[in-house]
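As written, the chain order gives the labels A, B, C and D, with residue 1 at the start of each chain.
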Amino acid sequence: MDRKINVTIYNENFHETNDLEVAKIYPQGIHGAIKSIIENDAEFGTIRTCTLPDHAQVLTLETLEDTDVLVWWGHMKHREIGDELVEIIARRVLDGMGVIFLHSSHASKLFKKLLGTSGSLRWREAGEKGRLWNLMPNHPITEGIPETFTVPHDETYGELFGIPTPHDLIFLTWWQGGEVFRSGCTWIRGEGKLFYLQSGHETFPIYYQKEIRTIIYNAIKWACPVTRNIIRQRRPNVPALEKYELEDHDFYVFSEHKK
Amino acid sequence: MDRKINVTIYNENFHETNDLEVAKIYPQGIHGAIKSIIENDAEFGTIRTCTLPDHAQVLTLETLEDTDVLVWWGHMKHREIGDELVEIIARRVLDGMGVIFLHSSHASKLFKKLLGTSGSLRWREAGEKGRLWNLMPNHPITEGIPETFTVPHDETYGELFGIPTPHDLIFLTWWQGGEVFRSGCTWIRGEGKLFYLQSGHETFPIYYQKEIRTIIYNAIKWACPVTRNIIRQRRPNVPALEKYELEDHDFYVFSEHKK
Amino acid sequence: MDRKINVTIYNENFHETNDLEVAKIYPQGIHGAIKSIIENDAEFGTIRTCTLPDHAQVLTLETLEDTDVLVWWGHMKHREIGDELVEIIARRVLDGMGVIFLHSSHASKLFKKLLGTSGSLRWREAGEKGRLWNLMPNHPITEGIPETFTVPHDETYGELFGIPTPHDLIFLTWWQGGEVFRSGCTWIRGEGKLFYLQSGHETFPIYYQKEIRTIIYNAIKWACPVTRNIIRQRRPNVPALEKYELEDHDFYVFSEHKK
Amino acid sequence: MDRKINVTIYNENFHETNDLEVAKIYPQGIHGAIKSIIENDAEFGTIRTCTLPDHAQVLTLETLEDTDVLVWWGHMKHREIGDELVEIIARRVLDGMGVIFLHSSHASKLFKKLLGTSGSLRWREAGEKGRLWNLMPNHPITEGIPETFTVPHDETYGELFGIPTPHDLIFLTWWQGGEVFRSGCTWIRGEGKLFYLQSGHETFPIYYQKEIRTIIYNAIKWACPVTRNIIRQRRPNVPALEKYELEDHDFYVFSEHKK
């Protein structure tokens, strides 16, 4: 690709600023840990971050139209993201912007709006080990990822996960406690590519783990649209006044039928 | 199935009451024409109909929980269906209620909410002929439908149709004017089964056409859930306090980690 | 459905006749255990069974054309099924006959031919417990099946399973040993519906377990085609000499172009 | 990607050497026209071509293991490709090699083997115009392709096309004669990515058309695996003697059960 990939990272940043344990693990916030995956890399251009307090100033239409891929981490404060903003972001996704949803973002307004389902799941904060299985070793998102690896401690997310059938089912997780989970999934909505990764409870240093960083790095590159704002450039949603193949047709004339 | 299928039909009924041409075609309203497909049939139980003026009184939670399949026809007045009601209906679909979306319902709030996309498309009111091709001759929805048949006059709907990849792509339509369209599609959302059928512009007597009636009849039967309110009975969405397979495990103890 | 469902069951029957342990578990053979699921049931018509020694006499074209659903259990002797017979059976599936593949049939010629992949997987004979998770509680195949249940002892089958993306991913299995597996999958091939169920190692009495029997019962009903030999009746694969929409066209004339 | 893409092109080359009209259109053969799309391009490495007479010498295991993407054009002589060679090629695809199937290759042994279906379709040699509609404007294969474009004259291919549901349905074609066709489709088989493009009857200069060349160029790049021979390097298909998560388990012991 000729242009550099612009990325905007939203992280609620509530746990980091309200729980000392979490603050120790993520002193720069989860958004800082995510940013460090892609910064100083020649493939990436403008990297913006924002958190709950400043998200409305950063996530403007102007920023979004300059963004190729949006990364989203939210948990306790999904309701504090305004419906109108969610509407604007969702439209940008349909126009081609990629989105990476991390962990508890399965319950965010944006996730539920784009998928049309509940995002609900079983969960248990038991710090169990999760073993991820790589179902698509030739997918761009799994480049460099082995057949299987473990996240030593994470929040358990189990089926039945309230999602539509993924376009690509990339990871399945086995949990110590007996659950399984579709932990890495893609969907396409309009022209936008979506990726959900289950890993990343705030109480564990998961976003420093090598495999998880590789997956997120790959996923951002994969979700980048061929052209920024792809649909706005290509498909004005107007009536098809042009009649593609009617010139030589002796076709039914609507106005006559009305008489 | 042991129980009878309860069906609720919503039709905007705006054209029928505001356009004499349409009123002549559908003197009982489009809902009346749809109802006549399934009434006096031993497989069906309670059949309710409603229109824009009375929809809020009929589409109560009580009615919806007693409904197996909802049929939806709307066009000009999508915005007059309240957001809260759409939310309630969508939740019922996720819990297992089937929905049949007809024609211009591709732009209804409910369609867009459940699919997460724009539902946008090319359109042209030219009364062209559409030729439908049956891609799945062994699908329950196409029982009795030939490989191909025509709708003599309909509104043209063309790609690019703003939908997620269908679960089953059942019909493709060829149009005189050069467009093609994915005109019969299914999706699954939560436990609910969705079917969209393009055919049915209000200015043509399409809902009296034999093939169209057969498709709608089959689709309603197909969309009926195994059990009414299937998820409410089976999946209380609660934390998984039960630990399925942890009894014999010497697993990580979360409380100790917190210290 | 008006007609009764005709079922043909193939079981290799090698273990039952060569291993005393297995013979004790399945004195009537695995085919006998499968047959007992559907016999004396008003929905079913002719039920045929066959084993490796007599399969070629039973699985004639005549039998296959009188069969709605074929059930297949094989393990050690896949190579002893002739290529030509596999070809004939596969064609019947494309014409609408359903197939239920059980356990080690993932490596049968028929499975690999219809799916186009290796069917390969990880496996371990450790008699581990498998916990199945029901991902589609509103699917006809899961009627009566709870959200999760265990098979106390089975052969472990783990990912990466060499299959194309299932049409419906119905069950995921969690294994004691750390694997996960897509253990209940459907596909569509031509007009035929396929279902694969992982459960059923010959050394355990799995085909007597209530949930497994319910799944197989439901799956056979689900896989039954709308009409027997559906494609042979509907789609003679011939050149389209009929020109559907060309009558009024001033279209390109091939013969003139040739000059 | 760090390495250059190695491409091998097979073209039957029967029409070009037996029909003067075709020879005039493709003096270097269809393989020559395809080769000219990617030669002298820095992203591509070794480009090999072969035809029916020399295909067995060129398509050796050594060549295939050095190939990232195979392009296939065949029509009259599908049967002259040996079953054993088809088996070897198919295994390479499962291991990650991409394949581009062009036009009448829908009836090739390799296509049918990898998809598991008949590949059958309606067809008519009438030199009709086909109008392709781009359903996925943000797919790597459609970069640079407009929403719709026409192939002025081609052989008509119509539904029902005997294929499994595509992974990505990229193009739909509208035909003058009333047919529609899923004319651009992807599938995944094992780790290999497949793309089928309908366009390209030998009697028309279709492989010189700009849009068609762009599609083929993009598709070859898209089908290239992340790593050559990806599975051979990553997944030895052996029993899982390693017991991933069994160390701390008091699990069922198979040998004791046997007593």
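Throughout what follows, a contact is a pair of C-beta atoms (placed from the backbone, for glycine too) under 8 Å apart; a residue touches a chain by one contact, two chains touch by 3 or more.
Treat the numbers as computed from the prediction; the structure is a model and nothing was measured.
With contact taken as defined at the outset, subunit A and subunit B are each touched by C, D.
With centres taken as mean Cα positions, subunit D sits 36 Å from subunit B. The geometric centre of subunit A is 30 Å away from that of subunit D, both derived from CA atoms. For the pair subunit C and subunit D, the distance between C-alpha centroids works out to 28 Å.
Each of residues 129, 131, 137, 147, 158, 160, 165, 167, 174, 176, 178-179, 188, 235, 244-245, 249 in subunit C touches at least two other chains. Chain-to-chain contact here is organised exhaustively, every possible pair of chains being in touch.
Per the touch definition, subunit C reaches subunit A in the complex via residues 131, 133-135, 137, 147, 158-160, 165, 169, 172-175, 178-180, 182, 248-250.
By the touch criterion stated above, subunit B contacts subunit C in their complex at residues 96, 129, 131, 136-140, 142-143, 146-148, 167, 174, 176, 188, 191-193, 225-227, 230-231, 234-235, 244-245.
Interface residues of subunit C, counted against subunit D in their complex, comprise 21, 90, 94, 113-118, 120, 122-129, 152-153, 156, 158, 160, 162, 164-165, 167, 176-179, 187-190, 203, 235, 237, 239-241, 243-246, 249, 251-254, 257-258.
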